[in-house]
Amino acid sequence: MIKAQMKILTKRVVALDTIEMNLQNDYISKHALPGQFLHIQVGNYTLRRPVSIADCNRETGTVTILFRVSGKGTNELATYDSGKMLDVLGPIGNGYPINLESPSTVLLVGGGIGIPPLYYLGKTLKEKGINVLSVLGYQGKEHVFLEQEFLELGKSIIVTNDGTYGEKGFVTDFLDRIGLYDCYYSCGPIPMLKAVSAKLKDKQGYISLEERMGCGVGACFACVIPTKEGTGYKKICKDGPVFKAEEVLL
Amino acid sequence: MIKAQMKILTKRVVALDTIEMNLQNDYISKHALPGQFLHIQVGNYTLRRPVSIADCNRETGTVTILFRVSGKGTNELATYDSGKMLDVLGPIGNGYPINLESPSTVLLVGGGIGIPPLYYLGKTLKEKGINVLSVLGYQGKEHVFLEQEFLELGKSIIVTNDGTYGEKGFVTDFLDRIGLYDCYYSCGPIPMLKAVSAKLKDKQGYISLEERMGCGVGACFACVIPTKEGTGYKKICKDGPVFKAEEVLL
Amino acid sequence: MIDLAIELPGLSLKNPIMPASGCFGFGREYSKFYDLSKLGAVIMKAATGRERFGNPTPRVAETSSGMLNAIGLQNPGVSKIIETEVPFLANFDTPIIANIAGSTLEEYELVARSFNKTDKVHALELNISCPNVKEGGIQFGTDPQMAAHVTEVVKKASNLPVYVKLSPNVTDICSMAKAVEEAGADGLSMINTLTGMQIHLPSRRPLIANKTGGLSGAAIKPIAIRMIYEVSQQVNIPIIGMGGIQSAADVLEFLLAGASAVAIGTANFQNPFVCSEIIDELPLVLGKYGFTSVEEAIGKGIVS
Amino acid sequence: MIDLAIELPGLSLKNPIMPASGCFGFGREYSKFYDLSKLGAVIMKAATGRERFGNPTPRVAETSSGMLNAIGLQNPGVSKIIETEVPFLANFDTPIIANIAGSTLEEYELVARSFNKTDKVHALELNISCPNVKEGGIQFGTDPQMAAHVTEVVKKASNLPVYVKLSPNVTDICSMAKAVEEAGADGLSMINTLTGMQIHLPSRRPLIANKTGGLSGAAIKPIAIRMIYEVSQQVNIPIIGMGGIQSAADVLEFLLAGASAVAIGTANFQNPFVCSEIIDELPLVLGKYGFTSVEEAIGKGIVS
């Protein structure tokens, strides 16, 4: 992890209140692993904002992020234009374990703004010759993004809560329909992660967690999560944000 | 006074750490009187920054300010480029009284960043057919600005504290040399105003004062100055910033 | 339709928004920006027994997300206020709250009694917490017994409802609140400023001539919310909340913490229209978070 | 040459800059950004008698120019700290200060005594002011007698100099300071966080799971400066100042107010290099304002 200036190369609205940005930095693009995140300084806000790495291109030295405009920081970030420099810590955390046997199949289960990091993961796995299936949940039609990109990785089911696009319902309703797979990776809101990991409790799975962060580097104990085997804990920023599904207590 | 958006038309460095900006707003340019000021919101700082009106063009609807880059606000203001909108309260306060008999002569005595409002005053008086003399003090050569403009108004002596340009010394050393005049107008640091008004105590004079401000509109009592005749006080923002030299207790 | 009205002792507010004492003078200046009849109420600058000039300047300093002030209760004195300021404000269709201050019990009593002479003032805000008065004002605000005593004296002297304005510069805000409630306060007003200081590096001395000043603005909002949250659960009188409010969302945060109405101080300096704009914005914000009235939101953020 | 060195009881500091307790863990993470030997000293995260998990999450919230935290003294316990963290920090050429906390007098005593076992810790910072400990920790920090008592107990148990870390959540900070000085404190550390709260509008409840949290960051700097200014005139022991420091100019402000050294907390989160950068910048700032050493600036902002 380094503290770096990243130049905003492009900014694009990809869905309702959802912005994609391409950021330039050689070191970070060369070292970023799927599941890691950037800790971004926006304006002069006291705390940095954690945002996952959604894609990465080592050749061009670029890193892609996708974020939902929700509070003060993301609102301000959304106003930044290309050319502006962002002060970033990254890449942070432990990514998804990707040392799989080659002829295997993985399932990606994403919900809302938890979907972006799964794209970089899926792309990396596919490049390694692994089959990638996805079930992606969105609130509604106008929230859908990265659809085409996931389709290119492999079979993909789009689910919307209100049925305005793709299938209607929750991602958990479609985990049986996607086919066979060896393990799963999931990122999304806590209720979704709970439901997914409960439903897939017999499968090996990895989930990516969010928590309000202070330092983002493991020093302040803001972002801890209890581990299942009793009194232990993990720091989401440093030990995560990806954990084995059975490891942590949601 | 109104709350208005003013567009920055031009920005120019005119001397060391001294910036000139032309701002557009019809209402303010039409109503601004010499000696009045703008109360400018910079960034999200809690308090607005008072800056004098240095010139004004009713035809083009522009107002000129000159400011010294000193603290946080002026540093940030200095980074703003043309095109940006400034949130401004103005024009504020009572300007210099300018109802003089036509064939008369006035002396302008300015020090440092107190010089800009005297320019708009001098220009206005000259347009009314009044003779304008000036004694202008700066720290040193690289701080000098508006020299040519004042020369065009009439006789003008430039004084620098370190003697690197014009005469060496303080403005008060040259008040005798400038010639005859009926009254004087002065703006600059308090020690200078004290020295000037002491030296010219037999002349009618007007001085412009600075004080740290809260509201800038007369509501908070931050910017008061005691009046000479005992227990009274004046608010610099509302009753000033210009006062008769004998009126207030420096 | 979102109902903004709220009934407090002595005050029928059409909305819960009022300018805070000392940040709005006596309304004259801001009346040039918008019609003051729009306001829930107006709280006047502190009144003392006689005219006060206040502290030497500089009286204000800027801090991160806040400011310090040490005005020192400058005001024309209670008689002049009743004579010239109250009649001006009475032109507007909004209740008037008089903020009263003093250095001695006798002065508080005198000022409180003076306001009985006019029927145009609807409530008193008893300022026992101004940190900028040297002669003893501060003790009233930090000792529960003293606070209770001055409350009793003012209650007895006045025929108006009394809102006691609490100082946050105390170890135990709840015991202060309970003491003045027991002494007869009709409501609370909180919080006043926190005592702070800024040192001016070039001159190597406190920037504010009075050395210390009161910290206000967004910086103190979390402290105000905490204190209101705690106090509102321990008293049965309404709270006018204040401290760092800048938006309608902030107002809702104060309501959820247990305030029944709010006052807005420092934010007027940045935006003279702030009270008016927040009044316009409040119904939208209440609606967005599922409330149909101000009443309904009060104390709803309190969890047991 | 500007002299940054400063001598405090038990601590020979090459410069007055140290990371504040709880904001720097045990140094491991920040040691990846720069060489910790550069620091004046390191103050470790609080140590308690046994491992603590701390409070439920969310534990932090952002406020205007500040943040709230309610970590709840999570730490691996004093034995583990001595076993694994102290040796790591001892690799660097900088003094180590152990921040000690507890819920009972006995726990404070135990933790203080435990640090006698290692010769690698140079001073104790006695945290009597953490607002996030429920069992009674807070009372130690707001009652002068309790504060004096715990100071005495810790002094007796330890062979190290003791810096007592004061809470700003009190009516009278000077009486707290004087009480612990009399009880044997070798120095003071001030200020800890102010108790605050933020209410999350969508969920209608306090954002921090613990409800209240401690307010830190630039927002509280004026309060820290005021308290240090007042206390430094009333005690004869040195003060480690903290609260909102973000720049070398801020450090000078603390020195002028009477602090002899400073700690930097929240600012590390925005800029992990902040302590290192301030150390580089400090000579320039001291020089700019006419000082040739840190020593010379201490208390120079105090006017009578």
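When the chains are written out, they are named A, B, C and D in that same order, and each has its own residue count from 1.
Please note the rule applied: a contact is a pair of C-beta atoms (placed from the backbone, for glycine too) under 8 Å apart; a residue touches a chain by one contact, two chains touch by 3 or more.
These numbers come from a predicted model, not from an experiment.
Contact with chain C and chain D alike is made by no chain in this entry. The chain with its Cα centre farthest from the Cα centre of chain C is A. Taking each chain's centre as the average of its CA atoms, chain A and chain C sit 47 Å apart. If each chain is reduced to the centroid of its CA atoms, chain B and chain C end up 36 Å from each other. The distance from the centre of chain A to the centre of chain B, each centre being the mean of the chain's C-alpha atoms, comes to 56 Å. Annotation for chain A: no residues touch 2 or more other chains. Contact with two or more other chains is made by residues 63, 65-66, 217-218 of chain D. In terms of which chains touch, the assembly is arranged as an unbranched chain of neighbours. Chains touching one another form the pairs A-D, B-C, C-D. Interface of chain D with chain C (complex): residues 63-66, 68, 142, 169-172, 194-199, 201-202, 204-206, 211-213, 215, 217-223, 225-226, 229, 244, 249, 252-253, 256-257, 289, 300-301, 303. On the side of chain D, the complex with chain A involves touching residues 22-25, 28-30, 32-33, 45, 51, 53-54, 57-63, 65-67, 69, 71, 74, 217-218, 266, 268-273.
Interface residues of chain B facing chain C in the complex, by the touch rule stated above, are 1, 3, 41, 45-48, 89, 211-226, 231, 233, 238.
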